[in-house]
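Structures follow.
In what follows, chain A forms one complex with chain B and a second complex with chain C.
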Partner chain A sequence: MFIHLENICFTYSLGMPFETEVLKNINLDIDNGEFIGLIGHTGCGKTTLIQHFNGLLTPTSGKIYVEGIDLNKKGTNLRLVRQKIGLVFQYPENQLFEETIYQEIAFGPRKLGLSEEKIEKRVREALKMVDLDYNLYIERSPFSLSGGEMRRVALASILSIRPKMLILDEPTANLDPQGRDNILFEIEKIHYNFGMTVVLVSHNMEKVAETVKRLLVMHRGEIIIDGAPQEIFEKHANDLVKMGLGLPQVTECMHKLKAKGKDVYAGVLTVDDAESELLKKMKRTTKK
Partner chain B sequence: MKDQIEALDSINLEIKKGDFISIIGSNGSGKSTLAKHMNCLLLPTSGDIWVDEMNTKDKSKTWEIRRKVGMVFQNPDNQIIATTVEDDIAFGLENIGIKTKLMRERVDWALEIVEMQEYKKSEPHLLSGGQKQRVAIAGAIALHSSYLVLDEPTAMLDPQGRKEVINIVKKLNLEENITIVYITHFMEEAAESNWVIALDKGKIALIGKPEEVFTQIDILKQLRLDVPQITELALKLNKRGIDISPHILKVEDMVESLCLYI
Partner chain C sequence: MRILRNISFGQYIPRDSLIHSLDPRIKILSCLAIIVALFLITKFSGYLILGCFVLISIIISKVHPKYVFRGLRPILFIIIFTLLIHLFMTEGEMIYQLGFLKITREGLVKGILISFRLFILILTTSLLTLATSPISLTDGIERLLSVFKFIGIPAHEIAMMMTIALRFIPTLLEETEKIMKAQISRGADFESGNIFNRAKNLIPILIPLFVNAFRRADELAIAMEAKCYRGGEGRTHYRELKIKKKDISAFTLTILVTIMVSVMF
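Let's look at the complex of A and B:
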């Protein structure tokens, strides 16, 4: 077990007039090598939850273990935990600050006290993981890049710490369709090629559901659905709509057909899934 | 300048009163630059832009043009300045010196249109993203703008917020006859408009009705853009020899067509 959460509750401004209970009794296990999507309406507690994973927030009550280490026990070295769990915040391009891309990505390894030689190796490795050419990019300013590239550099600066797990908070927000597909593709590759445990936080259902293997749906501070994307789209479509999450168009289409009494499988995630399901069920009718 | 960039390149475009136009294009294609030309935030290096017969280069008309062409930007937090919702909507009216009584009427009217009356005394920072964008829209229409330019108003919103904003925009167009220019990365939203313009490297690459533009799947992919899922599905089924129109944009229409075959 990589991360183990036990009855996590979290309340902001405890004892103050604006006291808000954000997380309610969360129990969750994440295994090594999992690829998870965490979805939910704005304000449901997604970001608050992931900030517990590496000790940025301390729960009001409950316990968190990372590889068996109790995060909130006195004397736990949180620095070590934060090296294991790389957290990429929302709009990570806002946290770029160095003069060159090399320095930007070298910042983390340098803080780890590595030799210059090892740092260079880490920078090369990290740039390769996000598909940016070492020689073309290291001397450039991170601020001269496009939005999608900036995001990849920010991702590389986390990867250079060699985390075991990567958490990304809304990695595709504000990117154009191509930029969005590119970054998701990079993340998928990192997961498959390096066996990285990944948690993808998003409210963009369509692409996330296509990408991940396990989906967690949060609502008002609780994880209310946990399962494979297809299964969730098939069985919980109404709940998702009620929570304001919306469905991919093709999934919505299949559910509407089903509601009209048609015998179709509604747990489709992609256009291709829908196409093959429909072709199977269609009476063979060709164009006149 | 050494690094000069041509962001827009010989654009010819006519927007008619009452139109609902959406502009799509990858990052850096010139969408926002084009939008900013519509109310004198930018002036063209060459060429002319006319808003109701007024040239944007005519400095004496700048303020009148800006009053006619309201703008809503991407980040709701960057455009709300007052401490309550109604003060925020009144800000523009105060600036042009509208009498208090008329201001009250206009603010209430704008709040009603964006369906935010019950929040008029709320503090803006306590609202959801979709609600904040609706307040920003109310602030623009309170000035009785005839045109509204929205630059990716839903980019930072969740699905619920996106739906709220697009519904209000459709209502403004249909019921208040406000001309809409709507920039977006979400193709399902662009499918709601009457005309779609796809920009690429500062040029108009595609222009037409949504059902014409979104069937050009190969060109759209080249332009780094998406096709609404449902249109892609219709195209694929059509290619397989099934008699389904490739111009379908809405889920409901697809369901109806499919019912004939299943």
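Let's look at the complex of A and C:
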């Protein structure tokens, strides 16, 4: 078990006039090597929840364990935990500050007190992971890059810490469709090639759903659905629509077919899956 | 990171009360009157009366005293410091000796008086900002300053700058917190090290903060221009300030109390 959450509750501005309960009794286990999507409407507590994973926020009540270590016990070295869990914030390009991309990515490893050779190795490795050419980029200023490139550099600056788990908050926000696909592709690659545990946070069903293997649906501070994406889209389609989350277009289409009395499996996520499902059903009917 | 969330000075708490509904100009001028009176009073009883006056205003404002007194927290250190300085540094009749430190009767009286002065000062200004929305506060300041237009004070511009600054304080605080968290996640450490290291550690926060603030300022300027903003001349207000009967009576009462305490005590 990598992360274990027990009855997490969190209230913002406790004792202030704008006190709000953001998380209500969250129980969650995340294993090594999982690929998870965390979806929910804006303001449902996704970002607040992930900030508990590496101890940036302390729950009002409840317990969090990372690899068996109790995060909120006195004397827990949170820096060690943060090294294990790489948290990429929303719009990570807004935290770039160094003069060159090399320095930017070397920031984390340098804080770990590594030697210059090891740092260089990690910068190379991280840039490779996000598909940026080492020689072309290291001398450039991070502020001279395009939005998509900046985001990749920001992602590399987390990867250079070599976390065991990567959490990304809305990694595709404000990118054009191509930039979005690129980033998702990098993340998928990182997961499959390096076996990294990944949590992808998003309010957008499309794309994320077809990338991940397990989906958590949050609503008003609670995790209300937890399961494989296909299963969720098959069984809980109505709930999702009621929450204002909507379905991927192709899934919605299949549900409409089903509502019209066609005997199809509605839990498909991609156009390709839908095609093969439909072909399968059509063959059967023609045979009859 | 908790620190950033607990700043209550300058925060507005909406309530439906007499104090909230008063004209901002009246509130600002009343505050000034009380502050002037605070520096004229020399006797303890004067502070007591003025303190009661402010406390009653707090009760009328329906703002929980908890919030008003929270504004005191940041300056508690200054109050204690001045109290101690006065306690030990004033010459006079000695009442207690602690090693080489002497406490005198005069020092004690003076220290307590000064503490009261600071105490009431902060309570008054906290109440002003807690019970007046930032918008009406700057409206009030604009109108008050426009009296000095003839000596070239750009009242509207000052007010506009204040409005923008006030508007962006929470945004910038929120952003600072976010950047801090992001850099902590990247391995930054803001809590240990000596003072030079700590100052150096602020660079990863300050640079992104400035970059974003400048970008935001740029966008805001373009947005304002797109809405045809061109300074204060001929600009009308959505909310016209009008002095009503209750404003006149509240102001008269304040002036009477302040004059009374500053003349008599």
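What we mean here is this: the second predicted complex is superposed on the first by the 282 of 288 C-alpha atoms of A that agree within 3 Å, B and C clash if a C-alpha of one lies under 4 Å from a C-alpha of the other, contacts with A are read in each partner's own complex, and residues count from 1 in each chain.
Keep in mind that, in the parts below, a contact is a pair of C-beta atoms (placed from the backbone, for glycine too) under 8 Å apart; a residue touches a chain by one contact, two chains touch by 3 or more.
Everything numeric in this text was worked out from a predicted model, so none of it was measured.
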{"item": "Superposed partners chain B and chain C on chain A - clash or fit", "value": "fit"}
{"item": "Which of chain B and chain C A:Ala173 touches, first, second, both or neither", "value": "first"}
{"item": "Which superposed partner A:Ser144 touches (first chain B, second chain C, both, neither)", "value": "neither"}
{"item": "Partner chain(s) touched by A:Pro248 [first = chain B, second = chain C, both, neither]", "value": "first"}
{"item": "Which superposed partner A:Ser13 touches (first chain B, second chain C, both, neither)", "value": "second"}
{"item": "Partner chain in contact with A:Gly108 - chain B first, chain C second, else both or neither", "value": "second"}
{"item": "First, second, both or neither for A:Arg82, with chain B first and chain C second", "value": "second"}
{"item": "Which partner, chain B or chain C, touches more chain A residues", "value": "B"}
{"item": "Inter-centroid angle chain B-chain A-chain C after superposition on A [Cα, multiple of 10°]", "value": "70"}
{"item": "First (chain B), second (chain C), both or neither touched by A:Ile158", "value": "second"}
{"item": "Closest approach of chain C to chain B (Cα atoms, Å)", "value": "5"}
{"item": "Complex interface listing, chain A residues touching chain B", "value": "41-43, 146-148, 173-179, 203, 205-206, 244-246, 248-250, 252-253, 256-257, 260, 262-264, 271, 274-275, 278-279, 281-283, 285-288"}
{"item": "Chain C-touching residues of chain A, taken from the complex the two chains share", "value": "13, 16-17, 51, 54, 56, 79, 82-83, 86-89, 92, 94-97, 107-109, 111-112, 143, 157-158, 161"}
{"item": "Chain A partner contacts - residues on chain C that touch it in the complex", "value": "1, 5, 13, 67, 178-179, 181-189, 203-204, 207-208, 211-212"}
{"item": "Touching residues (chain side chain B, partner chain A) in the complex", "value": "25-28, 74, 128-129, 152, 155-161, 163, 185, 187-188, 224-226, 228-230, 232-233, 236-237, 240-243, 251-252, 254-255, 258-262"}
